[in-house]
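The following pair of complexes shares a single chain, subunit A, combined with subunit B in the former and subunit C in the latter.
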Partner chain A sequence: MTDFYLIVKNMTRKPLRLFLTCFAIFIAFLIFGAVTTLKGALDSGIDLAADDRLVVVNRINFTNPLPISYYRKVAAMEGVRNVTHMNWFGGYYQDPTQQLVTMAVEPESYLRVYDEVVIEPEQRSAWLQDRQGALIGEKLAKIHGWKIGDRIPISSSIFSHRDGGHTWDFVVSGIFTGENEQYDTGYLVFHYKYFMETQTFGGDTIGWLTLTTEDPSLNEAVAKRIDESFANSQYETDTSTEKAFNKAFIEQIGNIGLIIFGVVFMAFFTILVVVGNTMALAIRERTGEIAVLKTLGFSSARIFRMVLSESLLVALIGGLAGLAAAWFLIEGAKAAMARFLPNLVMGGDTVLQAIGFMLLLGLITGLLPAINALRLNIVTAFNRG
Partner chain B sequence: MSEDVLFQLNGVSKHFVRGKEEISIFDNLDMSIERGDFLAIMGPSGSGKTTLLNMLGGVDQPSGGEIHFDGSRVDNLRESELTRWRAHNIGFIFQFYNLMPMLNAARNVELPLLLTKLSRAQRRVSVETALALVGLNDRARHMPNQLSGGQQQRVAIARAIVSDPNLILCDEPTGDLDRKTADEILEMLQLLNREHGKTIVMVTHDPEAARYAKRTVHLDKGRFEQREVAA
Partner chain C sequence: MGSLFSQIATVTVMNVRSLPRRLWMSLAMVLASAVVVAILLAFLAMARGFERTMDGAGSEGTAILMREGAASEINSVISREQVNLVEASPGIARDAEGPLVSPELYVIVDGIKKSTDSEANIALRGLNARGMAMRENMQLLEGRLFTPGTNEMIVGAGVLREFDGFAVGDEVRFGKNVWRVVGVFSTSGSAFESELWADVKVIQSLYDRGSSVQTVRAKLENPGDLAPLEKTIEQEPRLNLEVQTEQAYFAGQGKQLQYMAIFGRVISFVMALGALAGALNTMYTSVADRAREIATLRALGFSSFSAFCGTLAEALVLAIAGGLLGSLAAFLFFDGLNASTFGGSFTQVVFRFEMSPDLLLQGAWLALVIGFVSGFFPAWRAARLPVIVAFRNAA
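Entry: the complex of A and B
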């Protein structure tokens, strides 16, 4: 028999209470694991954004278009290295629920601005030459089993084709990867000219411009210059860094950070009260036994450690189970969400953070009962009965 | 102090403060207990029997006076020192057995050995010996709630003697038992005293129980009323 054996025996003496306490902690860490991973996946686009890349959108809203003439005007501005333009296509494959991140782009400038896109030279050349060609990311190709040369019908939930339908036929010209593993390859780009020739409305407009500057230190000046040059026009612009743009895009659905903080805080506060109360009750019930242990010669410090260890163990059992459940949940949802959240992975930092919170929870909930056990007077405890 | 004296109490007093009132349990109490003694302390409720036992066991400290154990003063030890001293020298037997309900008989007996440096194998041998001495080897795996009151008290006795202490302190050890079982327990204490040389101090209300002791002292209103040697 060891102290650990005593701790486990004490902990498991009321299995239903232990189960309910662990279950409460389990739920808290399931929420924490899932929500933090979700936030990580949403933020990954922000983290991967290049420092020297700026995005120019319509000042009213980024869903409002800009004139194509802005492309040439911005390209001629001082401090701008490369610029490209893009249109959101609102694509889906076969079923409207199978949405794809699909954009119409100016191919050559696109590859200059997004120089982290890695593509075989012959595929690059094939795409640039084939107006109906599509460049697809490796992840997207794997999901649908698409190969070079495949003809793929992609429909739009926004635009109509001149033939009366909503579907465009593309030929897979190239499959790209990223220069690092984190780069999102879950999207498709195709020729802007092909798009303009075949769609029924919105001609000669672009969705937004993306540009690189000569140096990140010029970002602010270039952004100011662009916005000032189009001020008081019919299409005023709002230029920001790609990071800020991605962040704003994500926060369309609300301040994710604040929502997560709120959910996690509420869950933890509730669990703290529940577990703290349960631990206090459990130790209070054992007052007589603690007095006996002290009488037998167990030191107060040793009993303090045992009570605190029990609380930590409860927090770790419930917390690790919750975190494991969150991992399974995320792994299960990964395939379904791969198009929108390609980096949906529970990272090591989330696991470490969660373990930190488990230890903190165990310490906070166990500290008061442990101090009470430490201070317990044997005579008073026996008199209490 | 004679070498045979295990405990020596000199002018020991105990006072409690309740509100503005100071309550004296006893004043200037002198007492000595020799090695191998079996002493019964009797007295009415509130006479201070258990308080005296608690002070002998180092779980309560006197308001004044000195307590010497085996030639060393123990009333002025710090709590941590007293805890160690208790673990090495004293075995406790309580009225309501005070076994750990989540541990079986053998594990309950093993508890004091966790405070020693004995190996697991040595501990197992000690536990088996102690349980054999109280006739409960066949109940080693039983939980306390599977044992009768008498059996639980025998487990408590095994727990008190497993670390081979010099002194066993018993607080109403038969107070919760029927006469027949009480006699069995008292015979066992007598055996430990006579055959194994354990010094025993027992607090009891029961004159029948006191008869098993070598001598009895009566505590009343903070002083020893009379001394007698048991038959």
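Entry: the complex of A and C
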């Protein structure tokens, strides 16, 4: 009769209680896994932003335009390697409530600045030559089933087409992928010139500039140089790293995110407390039996190990099952959520964190009864029983 | 033996009075039920607060006109010519000075948010005295209104709460333009309180908007009656506009945090399953703990139904105590909590969590369901337990 056999027998003596306890732990870790992954996906824009890329926006706010002349001016500045300009198009495909990330860009410099965009050379040259051409991300192509050569009507909730209406026809010139898997390819870019020729207002303005510097160490100096050279003009600028810009943008979603995650984590810990209480109690009930084991010659250390193993086992069974369920849930939701949350992937750190909490739960709930068992005086135990 | 009713009462009182014996398990159940209720309420209060802020902004008596296809104010553009055409339309209320129409601009500017110390979008709305008069619940809390034609602005109470540097007398710089804050206004907590208001003409010239505006608001002759305006738009090809009541517009925008309520319901449902497991454990322990008592009562002639009711009542008492605790905690922590997020027009909307009685009622129902389910099965076991077995097990 091994110790393991005894542990399992002890654990399963009340199958219903074991099941209920494991189930509660299962739920707790299901929620932990799903919510942590969700939070990670929301924050991923910050982590993925390149270090050596700067964003130049209108000082008033990034939704206000800049004159196109800034593109040449910034390109000529010291320390700037590549620069491109972009306009937010406010695009959607058929359903106005489903935003499609669409930007009008200067094509050649765009591909230079965003060098993580991977595209076949022939598709690249096809796009550069076709003014009506659009470059779409692999993810977007998959969602809508678009192929190279397709004509796709994209509407804008901001701009009007010169010929009336708000819909532009693009030809899919190429489908790009990302240098790594995390790169979000759920967007579309098209020619700025085509945009300017076909829209009814706006003149020669651009939304913002994105640039790479010769070296990340120059970032601050370059940002300062740009902002200073446009100070006191009609269009003052605000230059920051892409990372800082994305972070500020995500923070705008606001403290509601913080509140939600705070609430959910509090709940997670409370469930653990509730469950831990049951688990500890389940072992305390057996004081008499432990005394018997001791009488039979089981060493205190051995009993200590057995009690602790039991609670660790319960925590791990429920917890790992919950984490696995969270993983399946996320994999299932991935396709449906790809549009809003491109980086819905359960990270290794989430798994490690969860396992850490499981071990903690097992240790805390097992330790006290185990220590009691260790110290248990056989005579008092029998008297009590 | 007394009636069935007095039997049930006796058993219930006995169970409840023996609760301290199972203190830790009972507390665990209370806690589990409290957490689930608190979570549900937190999410619902958030969605409700946001919706209330949006709904409160819209008036049934005001029409809002935007360029067709522009889902929100920020996307719309309307020319001076179009404004003139709208002003001439029937269906709009008039006074001695002409039609009650307010052409408005909507520029997004940066402010520093107190909570994160980072830049966030605020709406700077350009409007005139008629526009301000159209917001019936608008009240000046401090200072005075801006003087038309100057770089003066008034700030919403929500902006003052959530952002730095907008106190009366402060100078605020947006780009190279300097504005002076001369007053603080409130609109009874509605979305307009998250905005800065200044003279429309000044904004037009400072931000290169020429004579164009973004939206036109018009006081309707008959509240809710858009038909005359719709007819004007239909007959005039130069008016590529859409008209809706301001109430409908903001109600649409208020739906935005609806997903929060859905998310909250899903999370609290899943959590409730976990809590149920904990509560069932508690109740089974309680039944095991009282096995000898139950057997004694049954031997004395108490019916098994009274044993059933006693256990069920115990579960309900614990769950309701938890529900109350959870509601109280949610009320203390979340009611009136300041929050802000992106609104439909890409700007910050400042709102407060709102814990209304009907939400508390939903929380109470949830606690009752947890209590009932977690009590029912153990109570069933208590009632079915053969007396002999109970005595033997408890010995």
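We take it that the second predicted complex is superposed on the first by the 348 of 385 C-alpha atoms of A that agree within 3 Å, B and C clash if a C-alpha of one lies under 4 Å from a C-alpha of the other, contacts with A are read in each partner's own complex, and residues count from 1 in each chain.
By definition in this document, a residue touches a chain if its C-beta (ideal position, glycine included) is under 8 Å from a C-beta of that chain, and two chains touch if they have at least 3 such contacts.
Remember, predicted model here, so these are calculated numbers, not experimental data.
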item: First (subunit B), second (subunit C), both or neither touched by A:157; value: second
item: Touching partner for A:329 - first (subunit B), second (subunit C), both, neither; value: neither
item: Which of subunit B and subunit C A:321 touches, first, second, both or neither; value: neither
item: Subunit B versus subunit C as contact partner of A:277, first or second or both or neither; value: second
item: Partner chain(s) touched by A:96 [first = subunit B, second = subunit C, both, neither]; value: second
item: Comparison of subunit B and subunit C by subunit A residues contacted; value: C
item: A:368 touches, of subunit B and subunit C: first, second, both or neither?; value: neither
item: Touching partner for A:119 - first (subunit B), second (subunit C), both, neither; value: neither
item: Partner chain in contact with A:58 - subunit B first, subunit C second, else both or neither; value: second
item: Subunit B versus subunit C as contact partner of A:233, first or second or both or neither; value: second
item: Overlap of the subunit B and subunit C footprints on subunit A, listed as residue numbers; value: none
item: Residues of subunit A that touch subunit B when the two form their complex; value: 1-3, 5-6, 9-10, 12-13, 288-289, 292-301, 378-379
item: Of all residues in subunit B, those that touch subunit A in their complex; value: 54, 57, 59-60, 79-80, 83-84, 86-88, 92, 94, 98, 100-103, 107, 110-112, 114-115, 123, 159
item: Of subunit C, residues touching subunit A in the complex; value: 24-25, 27-29, 31-32, 35-36, 38-39, 42-43, 46, 67, 69-71, 74-75, 77, 107-110, 113, 115-116, 118-121, 174-176, 207-208, 240, 257, 260, 263, 267, 270-271, 273-275, 277-278, 280-282, 284-285, 337, 339-342, 346, 348
item: Subunit C-touching residues of subunit A, taken from the complex the two chains share; value: 16-17, 20-21, 23-24, 26-28, 30-31, 35, 58-61, 63-64, 90, 96-97, 155-158, 160, 166, 201, 232-236, 238, 247-248, 251-256, 259-260, 263-264, 266-267, 270-271, 273-275, 277-278, 281
